[in-house]
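In what comes next, chain A is part of two complexes: it sits with chain B in the first one and with chain C in the second one.
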Partner chain A sequence: MQPGLSLPQHTLTLSAPAGGKQGAGPAITHSRLENGLQIVVIPDHRTPVVTHMIWYQNGSADDPPGKSGIAHFLEHLMFKGTKAHPKGFSDLVAELGGQENAFTAYDYTAYFQRVAKEHLATMMGFEADRMTGLILTDDVVAPERDVVLEERRMRTDTDPAQQLNEAVQASLFPHHPYGTPVIGWGHEIETLDRGDALSYYERFYTPANAILIVAGDVEAAEVERLARETYGRIPARDKPPRRFRPQEPEPRAHRLVTLTDAKVEQPAHERVFLVPSYTTAAPGEAEALEVLTHLLGGGHTSLLYRELVVEQKLAVAVGAYYMGTSLDATRLWIYAMPTPTTTLEQLDDALDEVIARLVDDPIDEADLQRARTRLVADAIYAQDNQASLARWYGASLATGLTIEDIADWPDRIDAVTADAVQMAARKWLDKRRAVTGFLLPEAVAA
Partner chain B sequence: MQPGLSLPQHTLTLSAPAGGKQGAGPAITHSRLENGLQIVVIPDHRTPVVTHMIWYQNGSADDPPGKSGIAHFLEHLMFKGTKAHPKGFSDLVAELGGQENAFTAYDYTAYFQRVAKEHLATMMGFEADRMTGLILTDDVVAPERDVVLEERRMRTDTDPAQQLNEAVQASLFPHHPYGTPVIGWGHEIETLDRGDALSYYERFYTPANAILIVAGDVEAAEVERLARETYGRIPARDKPPRRFRPQEPEPRAHRLVTLTDAKVEQPAHERVFLVPSYTTAAPGEAEALEVLTHLLGGGHTSLLYRELVVEQKLAVAVGAYYMGTSLDATRLWIYAMPTPTTTLEQLDDALDEVIARLVDDPIDEADLQRARTRLVADAIYAQDNQASLARWYGASLATGLTIEDIADWPDRIDAVTADAVQMAARKWLDKRRAVTGFLLPEAVAA
Partner chain C sequence: MAAFAEAALSSRAGRVQRVFSPGGIEAWLVEEHTVPLVALEFSINGGASQDAPDRPGTATLLAGLLDEGAGPHDAEAFHRALDDKAIHLSFSADRDHISGHLQTLERNTDAAFDLLRLALNEARLDPEPTERVREQMAATLKRDLNDPEAMANRAFRAAAFPDHPYGRAVRGELATLPFITRADLENLRGRAFARGTLKVAAVGAIDAASLARLLDEVFGAWPELPDLVTVPATSVANLGARRVIDLDVPQTTIRFGRPGIHRRDPEFIPAMVVNYILGGGGLTTRLFHEVREKRGLAYSVYSQIQSFERAAMLAGSTSTKNERAAESLAVIESEIKLLAKEGPSEAELEKAKKYLTGSYALSFDTSTKIAAQLVHLQQQGFDIAYLDERNKLVEAVTLAEAKRVGERLFGDGALLVTAVGRPAGM
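Now for the complex of A and B:
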């Protein structure tokens, strides 16, 4: 078999913030090997360094029922050996002066190295080798499962805020697997064995399920040639793996989750709304939610900060976050920490009022312009960091977006109107769509 | 192939309430055909009538992910035709003067007819025929799906109490499928097609997955002979179907679900705790929960009634229910309706106090004795109704219990001590294990 390279499908330039004109952003290419592996090249010639990432389009939300944590567990196991590299290749990356890491998210799992550009082919060889050659024996699997269980214990058993967040997410997503933490539930991690790891690996670690992202001091043609010589040797599989997730029914009732724990020193409030993502939203709606979130909770000029921290002095901190890059319906998240004399109920009522005013009162045009400008500027600044730019592309493509979607995102943000923001607030910041979380010290609850 | 009948495995007598002595209850037999079909015969010679039930050990909690409602949908489709009975057999049952029905629950699906005893063999022939001969064409499947969708709309869209209950169950079981309503979520029912129905039917409608229960004016030997001649002709399958349900992680945070709707005329309060079932509990624990539930909410002498209705006049109705017959961890459910001048928060606080006192204060021996006596007496009375007795056996066996478990249940209830009740209350009526539901008219929420 002689795998080849199909022609590059796209060459795009990220537009500059103002007016949607083609700007000085990098010329990004997107192509595909015959075995299905996608290749995205993001040239960046400022330093002789490359960021090499391989993204698998499976995350914790693709864990089979009852096997929660398997995506993250397999990410750990990927650092074990192959025939070619019986102890893995981490030491080899370090010897070459490189950095490496990996992460598992709800919708994807990614591995990356940052190395001097002359080592790119070596990194590709390493990753291609462990895409098919991983050796999974009980000797390897069982001790690593204990490592993951300890990681979970460290993260949740000692941290009530993390426990509350798990319970809030579970209440927001009783049906969809986003309700299960990425690391998995402890009682299910305990049951994961070699057979689970192997069948998961064989199902998802395939070239057609992978996206190679190379950012740095390289040209597309060279990256594609190297990819063909390494990843291209991996035979194609019959079909790419299917992602199947049950979707949430329309929520009808607000849910309040209260966690009280003696270890809590600072009470906290969170409110999470079930909202569409960039992948699931009607045109313009995700962008309106993005601007809305920034207006509400982005920095010290935001509505929540001005109202709850500065004016009413109910909170010491507030913020908002829209998890827009998500394969399925997602979360818009507002958090606040009360002052010592404020109850969470008071904070909750004040938050409801800010949201109600956002829905009913005219939006200040200066606020809106500042939000749009800031969002686009942040995206432009992100291009300055090779790794964050590569992550942006990887996360977008792995959740079903295209590089065109990334390229024209600034224009779409610039086009968000006050009406669109208000319609999004009215439709999606409906309390019936939300879960509120209260984190309280034990004494207050008693 | 000549399927045969294995020897009866058990002949048991339900004990009378007092002192665990063998009483006048019926001699129940439990046997199994070679193709795996279980047979339970409950003789009852008072009238020349039989209740014929066939129980399949699959319910809505066995619906494949994303296919919620398929168990219930198939129950509907089972009333469509076979080659032998192209229009089903409902008219034939009616012509013989019989009654029939079916029901789908979380853990099982059951079909039954009540007929004069001479028609038992005919009923067995009918049920055996549709265990393997169901004809599922698109002509049959598509219109029936619309019927089910309409059933769901009628039941939930017009009933806020039902909507709240769905949201409460979803919050109690974010991981386990008991969080999904038996009828399914509307957006998933819409997608169920002939292929789904057929593969579900082939997977679960097998002799090894079925339990035949015959109660009435019959003897075991005769029932077994008739079963061999009807059900016995169905070939065995390779393996009985596997039931797989992800289990809940240990809950750590109380959840309050609030549904406000203009259609609500009477506000209502519910509190549901995640507790073990008869199938999952440690020895004696389910019985303690049963007695505890009766003490709390069983009738006008219960703690909740005396405190919330009679003494404090906060509620017009209260009650409690333990869903003990359940394959997996289950629900202990307390409900209350406030008086017009009482808020749900006041009712909630008063309920917390009653539970706290049950945990901390000595239990009145007379109350305890009354609860135990009443529970056992109710079970004895249930024997007087052929259909309810048959249902008790079917539900118990389909959730993994044995006929011995049923037979010695009165003795186990009689053995529940005040200490056991208090330990169960302390361990299981922990608010972190609970979801509270508030049903409110729109105006109150605004």
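Now for the complex of A and C:
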């Protein structure tokens, strides 16, 4: 039986000890080695497997100017080998029945393996080894750069919708590096070399810049012991590099970005607002934005769906997304696909009206309660998936939040009032803070 | 270490209960109260292969309408009833099945099953949601018209299975989507919604008695036997053909395939092992090494064995810039021929077996993954004991068997290839 905490209804506390009432989550621990490496353990004893992740608190937004894509390119190169494992350890992970991968985002880079629990120590040894032991030669760097260029072609260069999205982000963040795609700009990726990768690696891949997350059939004391024997042997380095990123000025002009392409048969609309993140927001503000986003675009019962899809029949699909887990000021997305007889301008006007009514008219209490209920339930659903929990904790900690922030999150969502939602809408869903993107066929003028 | 893995495996089948409702409906259950959630997965036979030839997309449209109003609730009221309790309910159709996916907080279990009951027995198929979902399907089809991956798949499907239901579009065609009628939807529902092909699995905070009661409430009113059109067995046609579809993009998306070995075939397990070595594994396969790592030709390259009810295929995909796309395809073809001719090495076989046995547990670490696995096993006609036997079957594969089945799987290496882009020299 897994210990949990007694809690009021609708809440989930993930970091506190013992109890036993249904609804409580596992006891999550957070500690730190002498060399600065953070350790988070998320027990899940239902299946004898573990998810082992190491997160580095640097992402594409920390790429040096002119070297866009280096965080992601290095992530690929981290599989190329060390002195101890000259061909990398992927074959060894596979032989142990493990699955592995890695990902790069704006604010962090993470590596993970999922294995039977008895192989955890081996994974920790592998990952600790490549924190300092990476060896790169030009004959592995060059083909891997081609791989990344193919990745960019696959994701972006063959897809007009992705190209529009890049242009919208670049317009929303003309100053902050969030305006540069994670994978980098093609012409800069082409110039990245071994030296760029190694100097970036030297700078960021240090124990104090890393967070170890282990979720699964483990106990905290055992994980901490294994961590001391592996990661603990890495000498301490300087404090983690301060992530200095130029911040956006207050935006004053709405921007419309239009991409036309002969390949577009189904037009699409997006509107992205510059808003605070959980890390930068005033207390309660990010939670209000979360609830606001859900009210606006969270599925079939949301305001936008009811208004634009069901009632006015201007759109076939709409949605909204708040990218709240972000080190710096972030994005709130609204996206829609028009019906065949609707222009993007009509859709755009209708969207403005829904937002204006949200600001001015009273919010339906049942709608608000539904949004809060579904968000709080997401925290319970997350407990079913150790890999998702590990990602949630890793992304939160790597963007400056604490275990307590995650534990309190359902309570804070429950506390969001109609007033708070309307204030957030008035303040942040100001069109002057936004970029609108139109995706259109070539024949139609925007 | 082997003993440990064995113990873990034994407990896997041991944890699954076979539950029979008073009305005779069977479900497989893993009762687990650690997390206050219940997951239910089910499927029935009767997916897109039951669509009328001139009405592809019927099963997809029906699946999309089941949660768009049922019983006393119109579409909006039904979605509110789900969202007020944060119940996750959705339905989908593939070539052979219509499937349902339910996940709920334990405290809302009765309400969740009641909404499922309404969706499966009293879906209203009202005009408003029907036109709305139809428009959504049309928008997706339009979006895919010039999407390289969708284009390559479409061309592949049409060339692989001409004049067969598997050659038709699961999600419909723009030209015929407007003509699917309410009568078509009701006809499919009447023919397919039956207990005879129903496979159910539940995982989470629910006991056998409660599940048994709910099974009868949800599925009890269905007739015993479905009335499905027989789908003939088929195989990948047009081997050796290369269909290049022009699209103005810098990269060529390649889809390749040939006949496979079916999940129910006694030689499926060795085929799975051999495919793992070719392109089924992650970062360690021959295709990954040769196409990606060594030559930098692609970000993604893989092969897999796909089993439909009435066909099996070996299928794979990659994407390479136009200038070098022909090289990618040549490398893939040569690797397939090499593995067919020489078979895997002893070391490769051992590594493949270690991965496939060791990683099996990773498919069982969330409720929804477990439930989906249990439904899949029932679809393929396996019993619960298979959960324990599967790794033993993998371990028993010999080098001679792997070589022989590799020859059968890869044959002369002839492939059906579709390529979208502007590949040089292809």
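Descriptive notes on the structure:
Following the convention adopted for this analysis, the second predicted complex is superposed on the first by the 423 of 446 C-alpha atoms of A that agree within 3 Å, B and C clash if a C-alpha of one lies under 4 Å from a C-alpha of the other, contacts with A are read in each partner's own complex, and residues count from 1 in each chain.
Everything that follows uses one rule, which is that contacts are C-beta pairs under 8 Å (C-beta built on N, C-alpha and C of every residue); 3 or more make two chains touch, one makes a residue touch a chain.
Here the structure is a predicted model, which means the values were calculated and not measured.
Of the two partner chains placed around the shared chain by superposition, chain C is the only one that A:373 touches, whereas chain B remains out of contact. Within the superposed three-chain model, A:252 lies in touch with chain B and out of touch with chain C [touch as defined at top]. Of the two partner chains placed by superposition, only chain B is touched by A:175; chain C is not. Contacts of A:402 after superposition: neither chain B nor chain C is touched. Of the two partner chains, chain C is the only one that A:142 touches; chain B does not reach it. When the two structures are aligned on the shared chain, A:188 is found in touch with chain B, with no touch to chain C.
More residues of chain A lie in touch with C than with the remaining chain of the pair chain B and chain C. Contacts of chain A with chain B, set against its contacts with chain C after fitting on chain A, share not one residue.
Chain contact summary for the complex, chain A toward chain C: residues 1-2, 22-23, 44-49, 79, 90-91, 94-101, 114-116, 118, 142-151, 153-154, 157-159, 161, 216, 262-266, 268, 299-301, 306, 309-310, 313, 316-317, 337, 339-340, 366, 369-370, 373-374, 376-378, 380-381, 383-387.
By the touch rule above, chain C contacts chain A in their complex via residues 1, 4-5, 8, 32-37, 39, 75-76, 79-80, 83-86, 88, 103, 105-106, 128, 132, 135-136, 138-140, 142-143, 145-148, 204-205, 247-251, 253, 281-284, 292-300, 319-321, 351, 354-362, 364-368, 421. Only residues 65-66, 68, 163-164, 166-167, 170-171, 173-175, 179-180, 185-188, 244-247, 249, 251-259, 432, 437 of chain B touch chain A when the two sit together in their complex.
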